[in-house]
Amino acid sequence: MSGVIEHKMTESDLTYLFGGARHPIADVLPGQVLSTSTEDCFGGAVRSTDDLPSRVCRQFNPVTGPFRVPGAEPGDTLALHFIAITPARDWAMSATFPHFGALTGTHTTATLQPPLPEVVWRYDIDTAAGVVRYHARRSDYTVDLPLDPMLGTVGVAPAAGEARSTIVPDQHGGNLDTPELRAGTTVYLGVNVPGAMFAFGDGHARQGQGEVCGVAVETAMHVTVAVDVIKGVSTPWPRIETDHQLISIGAARPLEDAFRISQHDLVTWSAALTGLDVLDAYQLVSQAGRAAPGNVCDPLYTMHAAVDTAVLRGAPAYDGTHRRLRELARPVG
Amino acid sequence: MSGVIEHKMTESDLTYLFGGARHPIADVLPGQVLSTSTEDCFGGAVRSTDDLPSRVCRQFNPVTGPFRVPGAEPGDTLALHFIAITPARDWAMSATFPHFGALTGTHTTATLQPPLPEVVWRYDIDTAAGVVRYHARRSDYTVDLPLDPMLGTVGVAPAAGEARSTIVPDQHGGNLDTPELRAGTTVYLGVNVPGAMFAFGDGHARQGQGEVCGVAVETAMHVTVAVDVIKGVSTPWPRIETDHQLISIGAARPLEDAFRISQHDLVTWSAALTGLDVLDAYQLVSQAGRAAPGNVCDPLYTMHAAVDTAVLRGAPAYDGTHRRLRELARPVG
Amino acid sequence: MSGVIEHKMTESDLTYLFGGARHPIADVLPGQVLSTSTEDCFGGAVRSTDDLPSRVCRQFNPVTGPFRVPGAEPGDTLALHFIAITPARDWAMSATFPHFGALTGTHTTATLQPPLPEVVWRYDIDTAAGVVRYHARRSDYTVDLPLDPMLGTVGVAPAAGEARSTIVPDQHGGNLDTPELRAGTTVYLGVNVPGAMFAFGDGHARQGQGEVCGVAVETAMHVTVAVDVIKGVSTPWPRIETDHQLISIGAARPLEDAFRISQHDLVTWSAALTGLDVLDAYQLVSQAGRAAPGNVCDPLYTMHAAVDTAVLRGAPAYDGTHRRLRELARPVG
Amino acid sequence: MSGVIEHKMTESDLTYLFGGARHPIADVLPGQVLSTSTEDCFGGAVRSTDDLPSRVCRQFNPVTGPFRVPGAEPGDTLALHFIAITPARDWAMSATFPHFGALTGTHTTATLQPPLPEVVWRYDIDTAAGVVRYHARRSDYTVDLPLDPMLGTVGVAPAAGEARSTIVPDQHGGNLDTPELRAGTTVYLGVNVPGAMFAFGDGHARQGQGEVCGVAVETAMHVTVAVDVIKGVSTPWPRIETDHQLISIGAARPLEDAFRISQHDLVTWSAALTGLDVLDAYQLVSQAGRAAPGNVCDPLYTMHAAVDTAVLRGAPAYDGTHRRLRELARPVG
C-alpha cells in the first residue's frame, strides 16, 4: 500500500458527466487508497419533505471526480476496492419524481396520463443501530429497515470520446444503482482513456432491488477506496467481486437484454476462469446462478448475475486482485 | 384437516394444458391434503446424456391434474400450501434445447444464426446430503450444489374459456419457474372456473434465478399439498406466502413488464394490508423490496417481488390462511 | 369454383375463442366461396357516444365461426382470399378503454396512475364517397378520412390443443389488427387441427398503423371469401399476398420481436422462392422491404414485413394460389 | 435567403461525435443555404466486396460538421430544409457486420451463438435511371431498386453536456436512419447549446424500413440545406415536415417505446396545432396515422409517426417554416 490520499470534497469537485474535457480533481496511483466523500443525488438540496426535487434541484446525481490513475491505459482494467462506505449524515431523503420510476409513464414509456404526485420522504439513519427509519407521509406508520450503505454510481470515462450524464449506466459503469456495490467489494471497470478518470457518488443508505420508485434512500457518504490497475486485461462490462462471489452487471433496455448481458458475461468469465467449455459453463451458471435487477428506472436498466466462487472451485479472478486489495486495505479500513 | 387424498399418479393423469375440456382426475375438498407425484418436464424420457430431448420427446412439461376443488368459484382464491416437495429419483436431467433459452435466438427473438448444440447433462441427487452433483460434459469438472426442490409449474384453468399450454406462465399460474415455489410456502391463485381445476408438475431439484439456459435440474417429485379456498376474495396474479415474506409474481414480456406487474401487485397488496396510502406503500416497497427473475426463457418471462412481513408489521394476508394451513399440515408434513 | 356458401350470421354464430371444443357453424370445401357477415368488436352494443364499452359490453371481439374445411390437416396451409369486405352499417364506433392502448399504462405495463377517461367516438360511413367522417367530442372539428375496410381478426384453431381469446394475435392468426388485411388479398395460415376451424371478424372501416389508442373505426361487415387448402405445405406465421407484394406477420412482445419474426419469415420465404442464399435474401429485404406495426396494444403486438413481388422477379408463392383464387373469384366478386 | 455557403468537405471536417469540445468547421446564419458533402458510413474505406468493414474500418459513421448557427440558443428549434441530397458516386456498399443487425445476437441481445458471416455487397447507382442495382453474392441474381437518397444521420449537440457517438439516435437527432429524411423535407431539432452545432452524414442511396441487416445502401452525398432558427420554440424529439405530412420520431428501446414517443409527440403536436382536445387528437391520430420503423439495429431503435396535414385541416407547423424555406430554396435547388 503506497499511501492514503485524503481528498476533502468541495462543491467544485462534483461533476454530472463521465468523460468529456473536465480536468481530474486529483491523481491516485495504483496501490494507493483514496479517502473522500460524496453528495447525495439531490446535491444536498432536498432536506425536508417540503423540498420538492423538481423545484429545488437544477441537476441530479453529482459524483465526486474525476480522479486520474496515472499508468491506466485503454485495454487495462481499473480495480476499485471499497474499504468503507459510511453515511455522512444522520438523515436521508427519497421521493417520487414526475414521470420517473418503474410504475409510471416516463419520458420514453410515453403515456398521456398525468404524472404521479411528487412526494418526498425523510429517513432517519441510526448508524449505531444499523437501521434507517421509514416514516409514511399520509399516516403515522413507521418501520425500521436495515442500514445497508452502497454507492449508486461508480464509473470511468466512456469509450469513443463520449461524455455521458451521470444518470446513465452503461459499459463504463455509471449509475448502476445496484445494492451489491457495498463496502468490502471490488469493482472492475474497463479503462477507455489514459488515466481511467473514475468518479463515484449517489450514496444510498439502502435500496430495494429494482429501485422501483426511481429514488433510493439517498444520502451523502464518506468513502475509502483502494485503487489498482490490472494491465493488459480488458473488462467488457462492470464486474464486482466479493469475498464469496463473482458478479457481472449488464445495462440495457429492454430488461431482458440487461439480463442477457450479465449472464453472458458471467458464463464466459466462468468458462475462462475454470477452463470449462462454454456450454458446460452455461449449464452450471443456469443452475447455480443468482440474478436480480439493480434499477428498472434509469435510462438503461441494470441486472446482475452472480455465482459463488465455491461453485467455480475457487478459481481466482484477475489474479487474486480482490484478496490482495482486501489484505492491503486491512490497516486502513 | 378433513383428510388426506392419496392419488397415485399414472401416465393418464398427465396433461399438457391448463383449462379445456379435460375431466378432473380427482376431487380435493377445501381443507383436505393431497399427496401425489409428478413427472419431469421430459415426461421421464430423457434418462441419459444420449437422450436428446428433440428426439425422444414429442411434448414437454406434463403436469399432474387437473384436480377439482368443489365449491371453488370464479372470484375466489385457491390456496395451495405445499407441505412437501421431494425428489422421486436419485437423478435429474438438464439440457440445452435448440432455439430455447435466454442466450440464444429463439422462436420469437428470431435470428438467422444456427442454434446452439443440443447437449444433455445428468445430475446425481443425494437427498440425505442435500446436494445435487453437476458433471461437465466436456471435462471431468464436478461440483455439488445445494438441493433445493421446487415445482416449476402450478396453475388453475385460465379465464375466458382459454386453454393454455403448460409451457406458458400467466395470471392463472402455469410455468412460473420460480425457485420461490418451495415446500413450506402457500401459493395463491385466482379461481376462473368452477372447481378451480388445478394441476402441478415440472419439479426442479434446483434452478438458478432466470433459468438462463431454459432448463433446470429436472426430476420427478412426490408432492404433498394442503388445499383451501378463500371465498369472495380475488387474486389478480399468482402470489406466494412464506413464513416471513409476501411474494407477488408477474408474467409478461418484455421483462420490465413482469417486473412492473409484480411490483404493482406487491405495492397495492401491501397498501391494502397495512392501510398505507398507495404512494407510501410504493416508497416502502421501493426501499425494502426484493426482486428476481424466475425464468427469462418461457413464452412469458416471470419476475417476483417480495417483502418481509415484518416490514408490513405483521399484517396477516388472506386472513391468516398461510399460518392456518401450516398448522393444520403439521401432523401430515 | 365449386359453389358459394351463403351463411346468414346470427348471434349464436359468434365466438370469443379460437380453438376449443366449439362445433363448426358450417363446412366450407376447398375451392368454395363463403359469404357471411361479422359483428363489430363491441358485439354491436356500442351505438352512441353515451354507450361506454366498460358498461355495455361483457365480452369483446366476437368472430364469426368456426368454419370447418374438410380435408385440411395439420401441416397444410389454409388460404383465405378475401373477395369483398364491405361495411354493413353507415356508422362505426371507436373509444378509449381504461388501461388499454399504447399511450397508457395497462394490465401488464402496470403503473400507479389512474386510467385515461373512457370516451366514445361515432363515425359516419359514406360508402359511395369512400370516406369515414371523424367528429371530435370536445369541439366541432370534423374531417373525412378514406374508407379502407379490413378485418382485424382472422384465424384458425391454435396448435397444441390451446384455445385462445380472440383478443390475442399469434401464430394461428387471430387479432392481427393490420390494415393490410383488405379485400383483394389472400391470407395464408398454417393448419393445426383437422378442418382448420377458421373464423373472422372485428371489421374496421379503417385504422391507423399501430392502432395506437387500442380501438379502430369499428363496424359490422359483409364478407365474401374464397377458401382453399395447400396440402403438405406448412406456414409458420400468418402471411398475406396481394397482387404486387408478399407480406409476413409477426406477433410478439417486445415489439422488436414482432419485427424480427416478420423479417425472418420474409427473408427465409424470399430465399426459398428465389433460390437466393439466405444472407443474399437478408441483404435484399433489408434494402427493398417495408415494415409497419399493425397493433401496439393487444396482448401480443404485430408487425408486418413486405416486399414487392417484382423484387423477387415474380417467383410465385404457394404455386400461384393467390392468382388462381383471384381469377376464380372474379365472377363472384 | 441571405446567401449560399459552399463548404468543400475534407477529411478533417468529419467527426464521430455529436457534442463535445470540437470546434465548428463553419458558421451558417439563419436564412443561409449550406452546400457541402458527406462520406459514407465506412468513411469510404469499403470499396469492393473484398473490403470487410471489420478489417478496413477503425471507426464508423463519420458526419460532416459541426456547423455553428450564430444566434441559436437552448430552447430554440433548428430547422434544416434539405434542398438536395445527391449521390456523389455511382456505387454504394452494404454489408452484414458481426453481431450487428436485427436478425442476429448483438452486443446487448447477447447470445452464445457465433456471429453471422461478414459479407459485403456492392451496388451500382444509376442516377439518370433513378435506380440502384443489387447483385447477389452467391448467385447471379440482380434486380433494380428505386434510388431514394436520404441521410441516415442528422443531429445537433445533445443536452446536459453529453457527447454522443454518431452511431446513436436520440432526442438530439443523430443516427435516425429513417428513409423519411429525404430532399424536400424540413427537419426540426431542439437546440441544446449555443450555436446548435449541427452535423450530418451517413447517406443512403436507399434503405428498407427497419434497416434489418443493420446497413443500408451506403454512399457519399452532395447535400444542399437551408438553415433557419425558430426562436423561443422548443422541440422535444426530432420532427420532419414534408409538403403534405407532419412526422414525429422517437428513439428508444424496446421498440414499443420508440413507437410510444413518436405517437405521443404527434398526438400532442396535432392537438396544439388544431386546438383539439388531447384525447380527440389521440383518437384522430389513431385512425389517420401512419407508423414505421427507421432502424431496428442501432443503440436506440427509431420509429416515426406521420399524419397528413390535410387531416389537421392545414394548421401550419412552426408558423409556416417549411413552406417559407421551400420557397426561399427554389432559386437554389
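When the chains are written out, they are named A, B, C and D in that same order, and each has its own residue count from 1.
Just so we're on the same page, a residue touches a chain if its C-beta (ideal position, glycine included) is under 8 Å from a C-beta of that chain, and two chains touch if they have at least 3 such contacts.
Listed by chain with UniProt protein names: A, B, C, D = Amidase.
What you see is a predicted model, and the numbers here were worked out from it, not measured in a lab.
J.: Show me the overlap between the contact partners of chain B (Amidase) and those of chain C (Amidase).
T.: Chains that touch both chain B (Amidase) and chain C (Amidase), as defined above, are A, D.
J.: In terms of CA centroid distance, which chain is the most far removed from chain A (Amidase)?
T.: Ranked by distance of C-alpha centres from chain A (Amidase), the top chain is C.
J.: Between A-D and A-C, which chain pair shares more contacting C-beta pairs?
T.: When the contacts at A-D and A-C are counted, A-D has more.
J.: Just curious, how far off is chain B (Amidase) from chain A (Amidase) if you go by their C-alpha centres, in Å?
T.: Roughly 33 Å, centre to centre.
J.: Which whole number of Å gives the spacing of the CA centres of chain A (Amidase) and chain D (Amidase)?
T.: Going by mean C-alpha positions, chain A (Amidase) sits 35 Å from chain D (Amidase).
J.: Need the CA-centroid distance for the pair chain A (Amidase) / chain C (Amidase), whole Å please.
T.: Once rounded, the distance between the two centres reads 48 Å.
J.: Show the residues in chain A (Amidase) shared as contacts by 2 or more other chains, in ascending order.
T.: 103, 109-112, 116, 253-254, 260, 263-264, 267, 279, 282
J.: What residues of chain D (Amidase) sit close enough to touch chain B (Amidase) in their complex?
T.: Listed in rising order, the residues are 103-105, 109-116, 254.
J.: For the complex, which residues does chain A (Amidase) have touching chain B (Amidase)?
T.: 94, 96, 102-103, 116-117, 119, 121, 132, 134, 136-139, 141, 143, 145, 206-217, 253-256, 259-260, 263-264, 267, 274-277, 279-280, 282-293, 296, 301, 303, 305, 310-311, 313
J.: Where on chain B (Amidase) is chain C (Amidase) touching in the complex?
T.: For this pair, the touching residues of chain B (Amidase) are 16-17, 19-21, 59, 108-112, 160-165, 250, 252-254, 257, 260-261, 263-265, 267, 278-279, 282.
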